[in-house]
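Each of the two complexes below includes chain A, the first together with chain B, the second together with chain C.
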Partner chain A sequence: MNPASQNLACGSPAHAISRRQMLGTLGGLAGFGSLLHPAIAKQIRNQHKQVCLIWLDGGISQYESWHPLPDSKFAGPFRSINTSIPGISFSELMPQTAKIAHKISVIRTMATKDPNHSTGVPRIQRGDPLDRGVDYPYLGSAIARLLGPVNPELPPYIWIKPGNGGFIQRDAGFLGAQYGVLALGDGRPPIHIHRPEMISAEVDMARDVLRQKANERFTTYRNTSDVDAYETSYKMARQLMARKEIFDDNLLDPKDRTRYGSHPLGRHMLQARQLLEAGVRFVKVNSYHWDTHGDNFNMSQRLVPQIDQPFAALVNDLDDRGMLDDTLVIVMSEFGRTPIINSRMGRDHWPDCWSIALAGGGTRPGAIVGETTSDGAFVDSEGYDIGHLFHTIFTLLGINPQETHYHNKSQRLAIARDDCQPIREVML
Partner chain B sequence: MQVIGKVLDFSTTRKRVCNAVLRSLLANVTGFTMGAVFTLRLFAAPVLHEQIDELVRAKAGDVPFAETADDASFLRRVTLDLTGNIPAPGKVNTFLEDPSSDKRTDRIDKLISSNDFAVHWADRLTVMLLERQDQGTVPNEQWRHFLESSLREKPLWDLMVRHMIEAKGHGPARPAMKFLGTANHHTMTENIARLFLGMDLTCARCHDHPSVEAWKQSDYWGLFAYLNQTRQATHKAENQVYLVEDLATTKVEFESVFNPGQKTTGPRLPHGKEVEIPAFEEGDQYEKPAEDGLPAVPRFHPRELLARDLTAADNSLFARNSVNRMWFLLMGQGLFHPLDEMHDHNPPSHPQLLNLLGHEFVAHAFDLKWLLREIMLSETYQRDSRLPEGISQVDHTRYQVSSPKNLTPEQLLRAVLRATGNTRYATALQAEHEANAEAKKFDRKGYFTGNNTDLPPSLDEIKSIFAMTFGQSPGEAEVDFTPGLNKALFLMNDRLIQHWLQPREGNLIDRLQKTAEAKEVARKLYLSVLSRLPEAEEQLAVADYLQQNESRQTDALGDLAWALLNSAEFRFNH
Partner chain C sequence: MSRPALNVKKAWTSCQLKHDRQLFRAQFSPDGQFIAAGGQDKLVHVWDLKNDKKKSFGAHKTWVSALAFHPAGGQLFTADYHGVVHCWNYDVYDRPAWTIGNANDDNVRTLLVTPNGEHLITAGDDTIIKVFNSTNGEPVTTLNGHQESVFSLAISPDGKDLVSGDLYGSVRQWGIGDWKPVRELDAGLLHTRKENFIADVGGVRSLAFNGDGTLLAAGGMKEAKSNAFCPGKPTVLVFDWTTGQLKNELGIKGKSDGPFNAVQFLEDDMLAWHTEILHTSSELTFWKIDQSEPFHSLENSSGYDLSLHPDQRQLLVPTYVSGGSSGNGARGKTPAEYLPNKTVLKIFSLFAKPQEETTG
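Presenting the complex of A and B:
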């Protein structure tokens, strides 16, 4: 860190860059702007790493998925099954993933701090940063900021979710609105991506030519950067409109749809594959209602296959396409579920010892990491907090979390907790 | 002579001292009217707008300046800046044809005393102070009413801010308490520091600022100590929330996360003296007993002291922060920028100018209209946004050319409505909606997802849609706009825009389709949308396009208007 770049954090030069930059990554043109140290920006440029974060909101039960312990006192009614890794079993609710266990890795000793949904979800997705008086970006916005887009025609961060969509700024935190997320509500893009029916393609082209001519005239004798920013926003809008087939799930192969499953999570994960193939840097897929305080076993029986089937299909597809080495797939929640089964046959929130799965992107295939007590309730080796996971993710993406910082006005902010390290066991 | 003493503090050159002294004397002797200054100009000091230009010139050195903006650009700029709208096409014509030499000053004076000024500046101040958050219990309409009625008369900025911090809760200034929201102590501390002192003290809550030596943790907690007795309480009979204060008896304690050890402070402004918390005899602490839900009123009111001392004439932080924010609103950038980073590591581009503006603002009793008017009368403000011949790069902080400003969401909506001739239609829509008791709630999210294919039923709803699309998210300062993909997509494809480009009795497309000659079409189109006359080339282009689209004249007119609405020229206040 040279002194000049530290100075930059205090004031106007940094600001001058960001003001002229003016291009939202939402629009797909993430520059390496003032928030990053230039040398580091150089170091991480040209990476083609992509990320797919599958978020099972509410908390998948580790006992009914990645870490079945059928002989323990906390076991549920499900059996465990062998996986493609000798000696490793998953729950019988995960038959497809069991077949590709050698392609993925599982961390069975996540030990995090927050047992509440409302605070836990943002806390986990922000990497549980130390309180520096700012809202940290969610992982997707952080990556959009740190790596920019893969395909500059497409926004770097897209979120496929049930319910409403739109341009959502909240994920960006202090990075600013342009690092927010383009959310596809129920898998659909915002309405404004569609040309109104009454405007034909020819007319649309013709009127855009008129618009460009008007801008050309205005640009003459003017400082062009401000006008360029407008011009770019239109260019990107047109590019996105031209590529809107990547959002069209009617165009997906029916065979693929069967393989991924007809439920929303399956459809959305297939769409995620489509977006990754098109070159979106970070795709988040949300599934809700994993909060099984009551009737955990019937709910798990219904829900777990909904992640098992498309997760296996996605990993296989990325592998077949030669994309797996550069695409990190993460399956996680804000916490796991209690060993103790409550009086409503449910499991409650359990951040003390839970599991997540990773695949591709430089993770070690077949690594099943972490020892727990024999009943699975507590960590019996090293526990990994969310900060460790963020270090792992950043490192896998070629970003050095020790040396890379955000600069938010006068504040120099670590991109991941400096009291954590990468989880080397899951890395190649 | 007190005024002169202060002038001396602020001035650095001998000439300026003399000028300022003379000017103050004049102000005192003649009662300072523009006329008086004009007639006495030969031996009087230059008026403020001339001093602005002089200081900007001094900094620029050999750098060439752009010409003064032409009449059409000037009119569009002042109309947008003062009333948040583009000029009506008829007004453009009249102004261009007006031969009088003082028509610019006249126009500024007319606009600044109009009702539209009050409405637009209430928008701007609301966005600056509340950052698009609906906070506290005071309804938005009442807050706006407070601002608008202040702005309609002679708005004195110190008084307006005093009302916001005193938050007395009764009388016509009651709505001002909205600024303090729900009385969260940290939020109030941080907002007051940021918005009224130019200090983003957020990190000083936990420790001294790491790089700005002048910003201490004790500054944060000193401000905090004025506010930590404040809380909401409801008067039961009135069913009305007040911001009451409990009895302050001790200083606040704080500790740095880096250097252990408790410290304490009483109420203190940055650079100011700590206020002693008075000790009262038992039974003598209160001036008014508890009443129907409201607690007893202590005899010590730190918040009132804060309101008084923060806005006092000798608090140069307040004066400089205020003028910097007003300068930003008119010039597109602050003299120091970011606006909440007024410290040594972020020096102002024109330190003397900042001091002068601050001082003059104080000397003119914080008269907001006076300040805006002076800035707008300067050549610096009235400069063209086109580069001078032979120059391709400019340093915006030298004010070589006028910096284009992005239209705010509110300006953009008004401008689109006026440009397309739908202002009256939208106003009627609002009235109709208000008269309709059975109006359903509009599904705004669905409007963006396509689940709701209705058109918004009211102007208020349309305003919200524009604010959602073009504004910052709630809680974020609206300082730097980004063009953004979603904004382009909205202007390209939104139903409202299409709707407004359909002919309707009296709107732009209707008037254009009733116009026979292409040349005249171009003239009306450019006057209406871009507030200027078309150039010969542009007239030809309009004629060409209409000819190429002979079978679809009405739609072709819509295309032409759409292209101009989507042009950078329209979306900038240049």
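Presenting the complex of A and C:
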């Protein structure tokens, strides 16, 4: 069975590598190579690949971050500063990231299509699939489906975001609700993560056995995405109750808090590190209010350092822990911001030529990819759409997007646009 | 020749000086002969209104953020977003007479010269007000107390008091000469930080005294709705300077979503200001400060500064002009077709057109 196929009527959990699968695979590895299912082998190889997607909602200005071009007619007022890569400059608003530029890569020629938030965000996070009449999964759900959990005791896809949390099915698209995302509102652990004192561990266990029996009976004849979602969320809840220490702020080193910053994005990215260390496959961190149509320069001055500081800290920490090679960190938005400055001293939406940053996970350290026109407004080499980025991400994670497909009932669906290719310059 | 009577209801655009880039600061010289302006193209532009000639001078390495003429004439001071201040002599604009390399850390947001011409005062994001000898740029003293970026400065007509306004809405009074802090006024209404914001928005963007120094106006915007678009309600707070009490809160009737970056008192405690708005027309508005609503406004594109001519009858506004590429995305434009936005320096004459007087 293709690892990406799904059959909601089969009645078995589809997303975890079971102990039996694992033993069988290990047996194959021990001497029955021909029996080794290639897909399982791939999962074994990629067991430790993880992803941290940092989403700056609304769109960070490339001029005030990755591509300042201080001598161009569209430059902002800030200085450009040298980075650890000779000849490469970032905005002065990114002093910490400038020091670790040799550890990261930047693609300066993203050329996407959609200039609107409402359609741009899902389009980008779904990889702009061709219209096949289904809602494609967001990247985190796709990875959760394709690779499963790193640590079977933890959800494969967690989203740290401002505002409310909960289990959000939308990201899963046609994969089904069980591949939805567990959202931690403002980084807070799910509510009721602590077992009430009045319920003993034994009573709790007995309750769960009873619940499972009732659930099995119910699902014998009726199995729907909603039931999967219920089962998944319940299982997640129990998993998280067992690992509640990963949400305990008090266990964090105060020096780490200082290094990441006390602002929400800093706190949430430190929490992302905790979750990655605990074995969560895909962690998404959202920061909102980057849509600087008004007062772009005052706002950038205050916003950009909020990604600079924790991004550099996260990359350094993953590097120090030996995790960076297997953890892909992505900093991006739905688009960049206009070269020209509008009447409110702001920059509007600019999908035509913008920048993203990547680190780890098999990306090429220090790669600065893409040539723009001298004013930075347009691509002057090859432009990369989101389909190219999805091919790159999947390939870095060991998933061959040409050979791997989703199976939605009888529908065979590409996991990434088949008219795109990986961005090789950014890969080792 | 006698000065025409002030009549803002009859105000008209008497001069338009076009520039192909965005300019955010513009000032009349003390004799009214020159206009200096600066902004995005890093150059200092000086128009001689006697012969309509413009000269442009380069020394700044980033956007020009502030400028002021010496009250005695002869010199122009310009500042930028890298914290550099240049002093220019009128007759030798090809190079600065002298330079302060780091007037304020990070940047200079505002600068002015004391009425007696002795001191040049700068302020910016480092929260420190710096006082320099205006003759040679030597530092005199620093004034500490603000907790956030200082956006605006003003000096009372008698030359005794300096006021400064910051992002948090703190307006501080300092003695000129002894440079001691005197008191703090609360313009916190002009600052917004909601729970879901990730940055502070607004601040005291402009300050102005009335003619006899009894009123202080602080301009900005209140009730910002987000830290992204940064839309808010343009607002001026008028303080009784003697008591420090808020006397009136003024807004506008028309559509606008940006702060008052400049306010200017005219005769008879009449107040003029200009604001900005995204992708549509803004307005130049006139108030009598004892009335609850503006009594006149002129439709104009977004404006970023106001300078009153020494004749008290002309207002200079650096006004936004679209280059034709505004809005989201390139929308099919080629690099050659994608052009920066522009500026027209508009002079509004605050009296009836001469022919109207004749015919009317």
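Definition applied: the second predicted complex is superposed on the first by the 338 of 428 C-alpha atoms of A that agree within 3 Å, B and C clash if a C-alpha of one lies under 4 Å from a C-alpha of the other, contacts with A are read in each partner's own complex, and residues count from 1 in each chain.
Throughout what follows, contacts are C-beta pairs under 8 Å (C-beta built on N, C-alpha and C of every residue); 3 or more make two chains touch, one makes a residue touch a chain.
Everything quoted here is computed from the prediction, not taken from an experiment.
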- Identify the partner contact of A:K244: answer first if only chain B is touched, second if only chain C is, both if each is, neither if none is. neither
- So, A:R424: does it touch chain B (first), chain C (second), both, or neither? neither
- Partner chain(s) touched by A:R222 [first = chain B, second = chain C, both, neither]: first
- Looking at the overlay, what does A:N116 touch: chain B (first), chain C (second), both, or neither? second
- Message: Per the contact definition in the header, classify A:I199: touching chain B only (first), chain C only (second), both, or neither.
- Response: first
- Message: On the A-aligned overlay, A:L265 touches which partner chain: chain B = first, chain C = second, or both, or neither?
- Response: second
- Which holds for A:P77: it touches chain B only (first), chain C only (second), both, or neither? second
- Message: Contact-wise, after the overlay, does A:P190 reach chain B, chain C, both or neither (first, second, both, neither)?
- Response: first
- Query: Looking at chain A, does chain B or chain C touch a larger number of its residues?
  - Reply: B
- Query: For the complex, which residues does chain A have touching chain B?
  - Reply: 6-7, 9-12, 15, 18-19, 22-24, 26-28, 132-134, 155, 164-167, 169-170, 176-178, 185, 188, 190-196, 198-199, 203, 206-208, 210-211, 213-215, 217-223, 226-227, 229-234, 236-237, 240-241, 409-412
- In the complex formed with chain A, which residues of chain B make contact? 200, 202-203, 205-206, 209-212, 336-338, 341, 343, 345-346, 385-387, 393-394, 401, 404, 445-450, 472-473, 476, 480, 482-490, 492-495, 498, 538, 541, 545, 555, 559-560, 562-564, 566-569, 571-572, 574
- Message: Applying the document's contact rule, which stretches of chain A touch chain C when the two form their complex?
- Response: 58, 70, 73-74, 76-79, 115-116, 162-163, 263-265, 287-295, 298-299, 301-303, 306, 338-346, 348-352, 373, 375, 377-378
- For chain C, which residues are in contact with chain A within the complex? 21-22, 24, 40-41, 61-63, 65, 80-82, 107, 125, 149, 196-201, 226-231, 257-258, 276-279, 282, 301-302, 304, 320, 322-323, 325-330, 335, 338-341
